[in-house]
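Look for chain A in each of the two complexes below; its partner is chain B in the first and chain C in the second.
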Partner chain A sequence: MVRYVIKRLLWMIPIALGVAILVFTLMTATPGDPAQTLLGATATETDLAAKREELGLNDPYFVRLGDYLTNVFIKFDLGASWVTSVDIMDTIAVRMPRTLVLTIVTLIIAFGLGIPLGVMAATHQNKWQDSIAMVLAMIGVAIPNFWLALLLISLFSVKLAWLPPMGIEMGLVSYILPALSNCTGALANCARQTRSSMLDVIRADYITTARSKGVPERSVIYKHALKNAMIPIITAAGGAFGHLLGGAMIIETIFNIPGMGTYIIGSLNNRDYPVVQGGTIFLALAFSLLMLLVDLLYAAVDPRIKAQYAGKKRKKVKANA
Partner chain B sequence: MPDNNKTQLPFLDIKDLVVEYVSDGEIVHAVNGVDLHLERGKTLGLVGETGAGKTTIAKSILRILPDVGAKICGGQVHLDGENLLELQEVDMRKIRGNKISMIFQDPMTALNPVQTVGDQIAEVVHLHLEHGDHTDPVARAKEMLEIVGIPAERYHEYPHQFSGGMKQRVVIAIALACNPDLLLADEPTTALDVTIQAQVLDLIGDLRKKYNTAMLLITHDMGVVAQVCDDVAVIYAGTILEYGTKRQVFKHPTHPYTIGLFGAIPDMNEDEEWLHPIDGLPPDPTNLPKGCAFSPRCPYATDECRKEPIKIYKTPDGHDCRCCRMGAIAKKEG
Partner chain C sequence: MKLRKALSLLLAALMLVSLLAGCGGSGDSNKTPSDNDGNTPSGNEGNGGSGSGGKTGDGVLTVGYGTVIDSMTPFRSNTGQDAPYMTLLFESLAVLDNNGDYLKWAAKDWNTTDNGFTYDVEIYDNITDSAGNHITADDIVWFLEETIKAALKPDFSKIESVTKTGDYTFQVKLSDNMYGLFESLMKHTFVISKAAYEASKDGFATECVTTSAYKVTGFEASSYINFEKRDDYWQDASLVPPCVVANTPKINFKFITEASQMTSALKTGTVDMVIDMASANAVQLEGDSNFTIWESPNMQGWTLFFSGADSRPVANDLKLRQAICYAINPDNLITAIAAGHGSPMYDVCPPTAIGYNPKWDSEEYYPYDVEKAKALLAESDYEGQSLVLLTGSGNQRMATVVQSDLQQAGINMEILALDMAQLTAIRLDGTQYDMFINTIGATTLANHWSIRYDPNAYSTGDGTSRHDYTLGDMLYKTWALDGYTEENIEEVHCYLRDNAIAYGLFNPQRFTIWRSDLGDENTVYAYEGWPSVASTTYTNA
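== the complex of A and B ==
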């Protein structure tokens, strides 16, 4: 198991390298002159030339790529923002937690409601509870989250004045509205995934065995069936997490949350290449870590998968011996 | 054949049980007025082909038929004088796994793959702590593992680490952990290979003797019936066709269907080229024949057989047979 985790962690190096090269190349190919954007429309040609020289934009592509990769992967330095000159690592350290909190609160709402909704739909298949759950799921997928965000703000912030309309000054409470408007897609997806997975499981023989033992119906569903139905649900959760992490910018912009999304989007508009590159590499690593976590969760839920991970190790030990 | 003159009900007494399934708007007549009875410590074999309603009867006794579609439409199931079909769900739960337990056909799928086998045994003991004889579920689970021949150290292993025969032993351990009065064994050996079959049957037999457990054994294997049962009921399309002691049914099979079943067993002493199946297929349970359900396949059937439901007749040796042509058949066979 430990060996498996180490292997997966080592795999993240080539992934980060690939992402770094890809983003760097894409940014180079993007039209627009960073120097012009940084200095504004009134800058003189000599100022622009000096700025380009300062940023190293006059060097050949491979030299700049080599420099960048050396900085990131050998010196572990993402550099500083061209616009604010603030160290990128420091900024990420402040902003990443906000995006993480938003994503996690969103996921908790989505799966906290989505799983019971899906279970209800499955245990009442083809009855009215099922129809209601599935209609809700359809609506959840269809609702654009920026529109829902505006509706929620006008109700809870403007009319009722219960929750702040923007910013993060009020701590966790500030994340309620953003998370609510952001969760519908994941919630709907989770409910549908839970329903179909549960429908498979509740017909299984071992569920009949559990009933024949005298297990109360509630435990049959939540203890015996749900654990077996968890694998596709965890997969959905992992996907949703990645999706929310990458797609946080819209909600962060609407609610004015200074997280990773607004950071990267803002830098993209300013042609602030190091920030875009550093932020993207960081998100890619976070995503790989998340996928590893999902795989480890599989093993925690299903002993057969755990045996597979351990099995690889055992084979190797034999080969070495 | 226990006689019905006694006023006191037998230990297990099923009267006129009717179960239907609804599927795609059609009604499947799975069990049509079945009467069965069983005394403590005895074994009743319920024999019939796939789809005859055997498993449905067992699940009806435990009331674990699927919620959607299945319905017990009539009849009574008395256990120890108590009608199980009228019990509240809460009271029924106290009986499941405790007074009545069930062994399932396919051990490969009958165990929860994400729970250790030990926990699965301990769970049933834990659920019935109040009424059961055992106070420590884990200790009892380990004891049961040893009883069915699995080392207690394997308590923390998962079903995928066991072979098919071992899994069936675990299923048996779950079923017998609370010393039930009645065991419903639904083709407990069908999914196992022959050498393991004998072991498993012996194991069930030994444990039953020890605790004086009654058993309803569902099977389509006449050999298993011969080995294990006291009484035999032959079921076809949800109706009991022949019912008697093992000796009566095996010595004097009377119903044409039972005769056909015995005829289908190849004789090992003779060099037979061909097997002797019963021609035809079981009837469509959504559209059963009006008279005898077996009449479309029966070589002796007459118009009388197809007119109305056949009642039960007594054979010369005193067992039940649902056939109005009994006498004529006896003459022909004789």
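== the complex of A and C ==
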């Protein structure tokens, strides 16, 4: 298991390298002159030339790429924002936790509601409960989260005055509305995935056996069936986490949450290359780590996978002997 | 059957949620989270104040504003330079009041001896910043030199030299004696301690030593900036210009980039006031006694510039340009873009620009006339080709209205909508478009002309690649200190209008809205048209 984790961690180096090269190249190819954006439309040709030189934009592509990769992967320095001069790592350290909190709260709501909904749909297949659950899931997928956000603000902030309409100053409470607005897609996917996975499992022989042995139905569903149906749900959770992490921009903008999404999109508009590149590499690494965590969770919920890891170890010991 | 039942139930639930969410009924818009539980929230102070409830009389004025501040650096471009928090951050040598008069602030006096090319300036000898640093002429000279070096503001490039002449005096030599140039430089020269700036870890980006009557108590880029009145402010209140006197003890700015959230923030008491609210959102609060609405003419009207690049159809075809001006109905734009709150323009600049002659408002300025547009089009060299309208990606709606109007007159047009970075990169290249919609931001007509129509300004010509030296000579004569006369200004106005160099579309109203329970007294207005948040007295702030 340890060997597997180390191997996966080592794999993150070429992933980060690939992301860095890709984002650097895309930013270079994006139309728009950072010097012009920084100095404004009224800057003279001389000023622009001087700014381009200062930013290193006159160097050949490979020289700039080499410098950038050296700074990031050898010196572990993402640099400073061209617009604000603030160290990018410092900003990420402040903003990343907020995006993580938003994502985690969103996932808790999505999977906290989505799994029971999916289980209900599967255990009442083709009944009205199933229909309601699946219609809700369809609506969840189709509903635009920015529209839902405004609707929820009108209800819970303006009309009922229960929750703050924006900002993060009230702690976790501040994240409830953003997470509710953001969770519909993940909730719907989770419900559909759970239903599908549960339908496969509840027809299995061991479930019939459990029932015939008189195990209570609740225990059959939640202890025997759901546990075995969790692998695809965990996979969906991992994917949803990555999707929510990278796609928090709209919700962060609406709810005035100074997180990674607003940081990167604002920098993209300003052609602040170091921030976009640094932020994207950071998100890619976070996603890679998350995927590793998901793989490790497989082993935690499924003894067969755990046994596979152990089996590999045993095989190696045997071969050495 | 069961499915139909389920769907009916679901639909009913959705309708209920929609109803509760505000599709009907007015409700109590003043109800806040704090009203609900009876507690007085404390989260307002020092953190941007979200969810803090309505007026609590805690001495904090929370202001919502849409243009974010990424950094507190004093070395910044013209973008956002007149934001309402700028005068709270740094004191400048002069300030512009709402009558359009420049008043001395940190500058004690100035005078010119050679018709506006050389100025001798004296600053007060007792200026200190919020860290206790004593400000001398060295600091001002350093700031001016650094600003010139940073090349972020075009006005500063017209400074030939800055020389210290005493501990509290310095001399500025200008390459141009343009009307209002020196005063504008004074307004944008911040009083900064060189020592404090150099000691800062990131050039004041996140931690700033202020010289105004306020100090910064909290800041997060693009999120909030909080101010508290300094106890050790150096200047006697009686000598401070009325529009920047510090009467409000604490002021928090929250940056709200999502326009529709401005109204929610006001209704929930998250903010006490919103400055520069979009008209479409502001009109939702019209007639609601809980809010006071202040409308003022915008400093930035929308103008249509015609390309001067020879390769474009409009560049040398006056009849076509005039046809376009007649074909556009400003009322359509005012309705569609400003929710009916705006006025047609009668010059390329809005009436707020210093030098604007009010008599122009009653003169004919391309009144909407499709038939006249068609007649002019028939006389032009236009052969039905598709003209390109360049605009920012946020202004597509305006471009669509123009496109529709031109279509009525038989002019084909395609929209080239770009994000700000791309727009900035190509807007000076008139070969890439025929028309360009943009706002006009300038304090004086002279300032605007120098940015847009000076054929010597850029390598490709003026702001639209035009090489009109007749206009150029007219401008050089008019914007000089002794040439800025009503007669000369009139000549430029008529030339720009009759030759359809550009066309003023409309000037949207600017909205500032505050909660009526704020208890504002003796409201003092800033030049930009909104109440000065520092100077106005709020009895219930």
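One rule holds for everything that comes next: the second predicted complex is superposed on the first by the 309 of 321 C-alpha atoms of A that agree within 3 Å, B and C clash if a C-alpha of one lies under 4 Å from a C-alpha of the other, contacts with A are read in each partner's own complex, and residues count from 1 in each chain.
The criterion applied here is as follows: a contact is a pair of C-beta atoms (placed from the backbone, for glycine too) under 8 Å apart; a residue touches a chain by one contact, two chains touch by 3 or more.
No experiment lies behind these values; they were computed from the predicted model shown.
Of the two partner chains, chain C is the only one touched by A:Thr262; chain B is not. Judged by the touch definition given at the top, the superposed model places A:Tyr206 against chain B, while chain C stays out of reach.
In the superposed pair of complexes, A:Ser131 makes contact with chain C only, with no contact to chain B.
Judged by the touch definition given at the top, the superposed model places A:Asn228 against chain B, while chain C stays out of reach.
After overlaying the two complexes on the shared chain, residue contacts for A:Ile251 are found with neither chain B nor chain C.
In the superposition on chain A, A:Val301 makes contact with chain B only, while chain C stays out of contact range. Contact residues of chain C toward chain A in the complex are 2-3, 5-7, 9-10, 17-18, 20-22, 27, 29, 31-33, 35-36, 43, 47-52, 68, 70-71, 73, 77-79, 151-152, 154, 157, 202-203, 205-206, 220-223, 254-258, 260-261, 264-265, 267-268, 270, 419-422, 424-425, 427-428, 451, 458-459, 463. Across the complex, chain A is touched by residues 59, 62, 64, 66, 68, 89, 93-98, 101-102, 104, 106, 109-115, 123-124, 127-128, 158, 160-161, 171, 174 of chain B. Taken in their complex, chain A has these residues touching chain C: 31-34, 36-45, 47, 50-51, 80-81, 83-87, 91, 94, 127-128, 131-132, 135-136, 139, 150-155, 157-170, 173-174, 253-256, 258, 262-263, 266, 269-271. Across the interface of their complex, chain B is touched by residues 125-126, 203-206, 208-217, 224, 227-228, 301-304, 307 of chain A.
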